[in-house]
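Take a look at this one; I'll ask things after.
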């Protein structure tokens, strides 16, 4: 596995990352990491590699867009000095364009998204040992307009991962594979906030990319 | 308008009808009719035709399928002696097949749906002055599998309306019209439980079919 | 209809407007517009004219008088840059004179009401495409002293509508019509806060004046 | 004063009597008598005539009509063996005809009211030392239709008081006197459930008729 | 009665006065005056002299001693410009000496009490039309040490009433009269916070001294 | 100490014994024994004699009189097969005579108390290894009427302890000793429900009589 | 993997299994499976083998011993007709002997445990396709008396697994491995109810024994 | 006993001391001292030596380490001018090293503990009449790593007690004595927060060292 003894791994993102984590610091015992994929990643890391002492911190906040991440980057990311940083952002940037089409000041369009995310990645990349970029996703079986837009945002993530030597986690691809067998309503009534199954799928996709050894 | 002075109009259905109505009887002041289309129909009837004294009763129960309606038909419909009866059922009959595909005992497949609904309609039709059949719906922009199935259930409703001389309210058609301009997430995050806009659309579709006079 | 594509319509007023809207901004999904006539107007607009994308904002606050509106006008009205503005105020200005006759500092008498409301209307009129003035009302069947006073306040509203080229919504006339058939207790136990029927009546009165097309 | 040492005085009625009394028995310390006129009567009796040890019991239940009193008469009145019995009923019998005009099965019309109340009074009168009949009331300044009906019910109470040698408390007259100076909204927003002032007025009207000595 | 048309009567004191009044201003509808003697005085005044429009304000705060009154005198008394002022303070000044004998910094001994109260009375007396001084009390049947001390505080009140031409309400005497017939536990389990009977007794004692006409 | 290895000690009584114990069985971890003297006795026994394994059960119920104990004796005492039984009852038997003097059916007078308690003691005495009778008490500094009555009930307890070879715990004497230094309000605002100090005093009085060795 | 398409897998046990599952049936969406290892097993199965449609049911109840399982076996296990059954029981059977040593009727000693569990396993084995027996565990770093006893119960489980051809999950061994690196307080403050890490460890131990393919 | 008439005894520490005491000042009636050993010490002192008037103050705060005590020493200890001061700190200093091994900034290692505690003791010792140092403890039957570390911290406490003439309370020794008969789970599920038995054990250990006379 890529993570090394004593590494601190920080997750930043929106409600998918947040999942009722402890505030202000998402770290410690008793559901401090929330109830989503971050908690699952931690549980799998600690139960499989207890000897490594990987420190996991969850700094996700529900409803965030990349604009919000930018505003709290210093305090919620840099000040923690993570060795590894994982970013998953963009769902709300897109969703607001579809569920609140009239409230345009809450929309974060593709240009702003790309520019802001690149700023955060480029400025932070050298300060961490490794960075993981997770694409935003939409749990949708059909050729949907919002899925189409989400994929454009995902493409930005893929380009940045390539450009800045980050590990890419293609969450949309992971969901798409399961959606061949299941209707989206079985994974998430609102196509965004998944069940435990969906979060486990995210955790597995993440761990696969950091060469987690399941058979250990 | 078709409804006449002193008529009692009873609505039966699932959560779309229920909307937190008062239990056990969904009638009276202070949100007794719930917060959905039934309340809107009532408010439009009372404010427009106060002289008619139309009595509206809401007997919807969240999560119900046609199987559940059958079980409580005597107590919750017939015992109330309505002059007019409106039925909207089928969403959960279909939804469970998609969001809980493994729990098959909760699925109500097309045959059972058709047979049970016909039994209820046929036996009750002669006891009421008029009956309104509202199709079940799915708020979906795309060519979706669950929408496809829902339309089959809706077809049953259309056939029964024809066969038993009921007024048909094609709720799916009403939603489809609006979905040309809006993404489904703007109307209902889960594509089933609509916002006030969606409920108003249902109320308007209902009232149009009973010749409500908006300009009165 | 008078409203045009992309217009923002802002409602300001007291508890009749407020109806548990979201604070500080009364806009968005999930009952953000409250449960009263503003929500009904929005639901009717969105379900009938989805292609217009009319943006509705609710800035009502329970208990407000025109004195309170004046104090928060900049922040809660002007800062939002509405295209259309609807004002309904005056009920508490009058009510306090009758239900708390001894607490005179909370009374807003006719002169202050007229002067303050005119100041708000006159200064704002040129900044908006259109303005709707809704009279305050009292849901009362009889020749009542408070109704008598309320009508004086309503007359001010009518004069201002005329003078400043605003659309007038005579809410009292709308209620009076229904009160021919119903006792006031059937619409509002306290003769002020109406049931859904009363709010629908307000919504319909509003929409009629802006040439809403019910048959669309 | 008419009440004698050790007498038990039982009040029966609707929400005006109930006022959150303790259930099932409305007797004892800590607001067991509720927060309305019954509590005030008791407080005035105990503080003025502590040596008499008058025992006051409150058996009012919110929403009751005379039909409800009849159903629970044995258990809630006779089983308590009161020396004195005070009855105030009829407000809901009338109110439902006005606030829920369509739900006719909840209306108790004048004939049923008169007949049922007479049955209760006539059968019980000989078993108690004294009986007080309080008229139902409506706190209304105007010539109102519901007030008109309420007065008809009050007239029944007056006739029964005369016929069966009961003490009459004309609560409507007591309210009317105060309403010369105050608008009904200052006493009760819904014209039925009064403020402490209204309840004190009821207590004083009651005590005046049983020759309470205020100067003692 | 001594109070005249339009007079404002303000009560200041501790928990006996407070009784869950509305904060920060103890005035208005819906239990704003609390549930104790102040509310009873108001209810008796309004129901008997509705034509006078006496305005009653409750500024009591639970746990207060005369030291606390001094600290908030400007804001909670003088700023209200009362015509009449009623003060009842001293119970906590004494009680803390007995129930928390070791926490001496919370004790207000006789000298401080006398000096502070005189300061408040003397400086305020000329600014009001009338002032009522109510003695503190202890509901106790026996020759008790705390009662003994309380009576010393009551004596101070009596002397100040005499010296500054205030109306005296001897609450202890009023309780003592009833205690001839009742054990203190029937009036107040803790001998301080009375039942409705005890509060009515306080209200009656107050009203007697301002020449309230019960027979009006 | 008198208690022997493995003995079960059951306490029965009123609110002083109850103190929010777990229901229906007052035994186990996490405050199952309540927060009063029973818990203190247990804590002192377990921490001092852990090797004995004394099993303590609390079956007190708030508000109970000896009449209530009689009604639940089989189920709540005998069915538990205690080795040792401790009874403290009588406070409510007396208190109701003073705080609710008019509700005579709740009073348990001396004769009934003596007779019922003797019945319980005499029938149970042979079935247990030992029985402790604790007198009821009243925390009162003065020559009070209720204290006088309570002492009569305490005398009954003393006679029964003598007659049936029970261990007597004179709780009143224990409180009296402390009351030489403290006012009753420092121990119990209502003179009945003591602070932790009062409960510790009860625990110590109990333990002294069973020869508890604090120095162990 | 051993499980086949359409299999129903039922888990029965105590609080470790329960983890706030839905009652009465622990199946469906929205945390119906609780928040522990059962939910993790399900999430891993559904996200990895969505095409198999494995149905997972959680019937654990907090505090249960094998005695409780026996009492509800018919209703909570057999009536569900599982294809696969997993049993983890015994922790409370042992724990009560240590945390409540005096309440012996709640202890389930080794003989009763062995006999009852064998009865359940032997009678049910032929009715299911496969059975998984999970040992009870104690998260303890040291040579502890309770751990020693727990291991005896675990040995029974191992023997039964062998005798009745069940799959064995040695949970204690799984925990012991991690405890080489972590103190028990890092996994479970009470050494019984583990963190997400502990539950993931259980899930992985379970899945390993049913040949779950992590790399799929 | 060592404490003298009128002495103020202040306890400072962590959750063992805190036990839900009143904030900000842990002093007064109604559980102001919390529900742990401080309350027990107070109850035993007040019930045994009421004539001394020992004033007990609880300033414990849950989760505190010696680092936290240092930060609030002036405000929470010195500003109270205690005659006697009791300190029990160190459990969280150690526990965090074991239950959150990765969050190293929350660990207080032995050097910092020793240095900080000595600073507090040395600077405060001359300002108080007496100081009691209670060792931190861990309720553990086995040769446990965390117990081993805790004992090192306890040794620091013992050295400081010796060096600065403080009274030492060896809480670990007190627990160890009971643990010969009981498993740690019978005293504290998490081996840290004890039952009432454990708190009584602490109270007794404390009182023994200040020569409390139980037989008084």
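In this document, chain identifiers A, B, C, D, E, F, G and H correspond to the written order of the chains, with residue numbering beginning at 1 in each.
We adopt the following convention: a residue touches a chain if its C-beta (ideal position, glycine included) is under 8 Å from a C-beta of that chain, and two chains touch if they have at least 3 such contacts.
Here the structure is a predicted model, which is why all the values come from computation and not from measurement.
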item	value
Listed chain pair D-F, A-G or B-D that repeats interface F-H [over half of contact pairs the same by residue number]	A-G
Between A-B and E-H, the pair with more C-beta contacts	A-B
Whole-Å gap separating chain A and chain E, where each centre is the average of the chain's CA atoms	64
Chain centre separation (chain B, chain C; CA means) in Å	32
Chain B and chain G, separation of their C-alpha mean positions in angstrom	45
Residue list for chain G, restricted to those that touch at least two other chains	29, 53, 99-101, 182, 189
Chain-to-chain touches, reported pairwise for every pair that qualifies	A-B, A-C, A-G, A-H, B-C, B-D, B-G, C-D, C-E, D-E, D-F, E-F, E-H, F-G, F-H, G-H
Footprint of chain D on chain C - complex, ascending	95, 98-101, 140-146, 182-183, 185-186, 189-192
Chain D partner contacts - residues on chain E that touch it in the complex	29-31, 33, 35, 39-40, 42-44, 46-48, 50-51, 53, 178, 180-182, 189, 195-201, 204, 214-215
Footprint of chain H on chain A - complex, ascending	27-29, 53-55
Chain A residues within the chain C interface of the complex	99-103
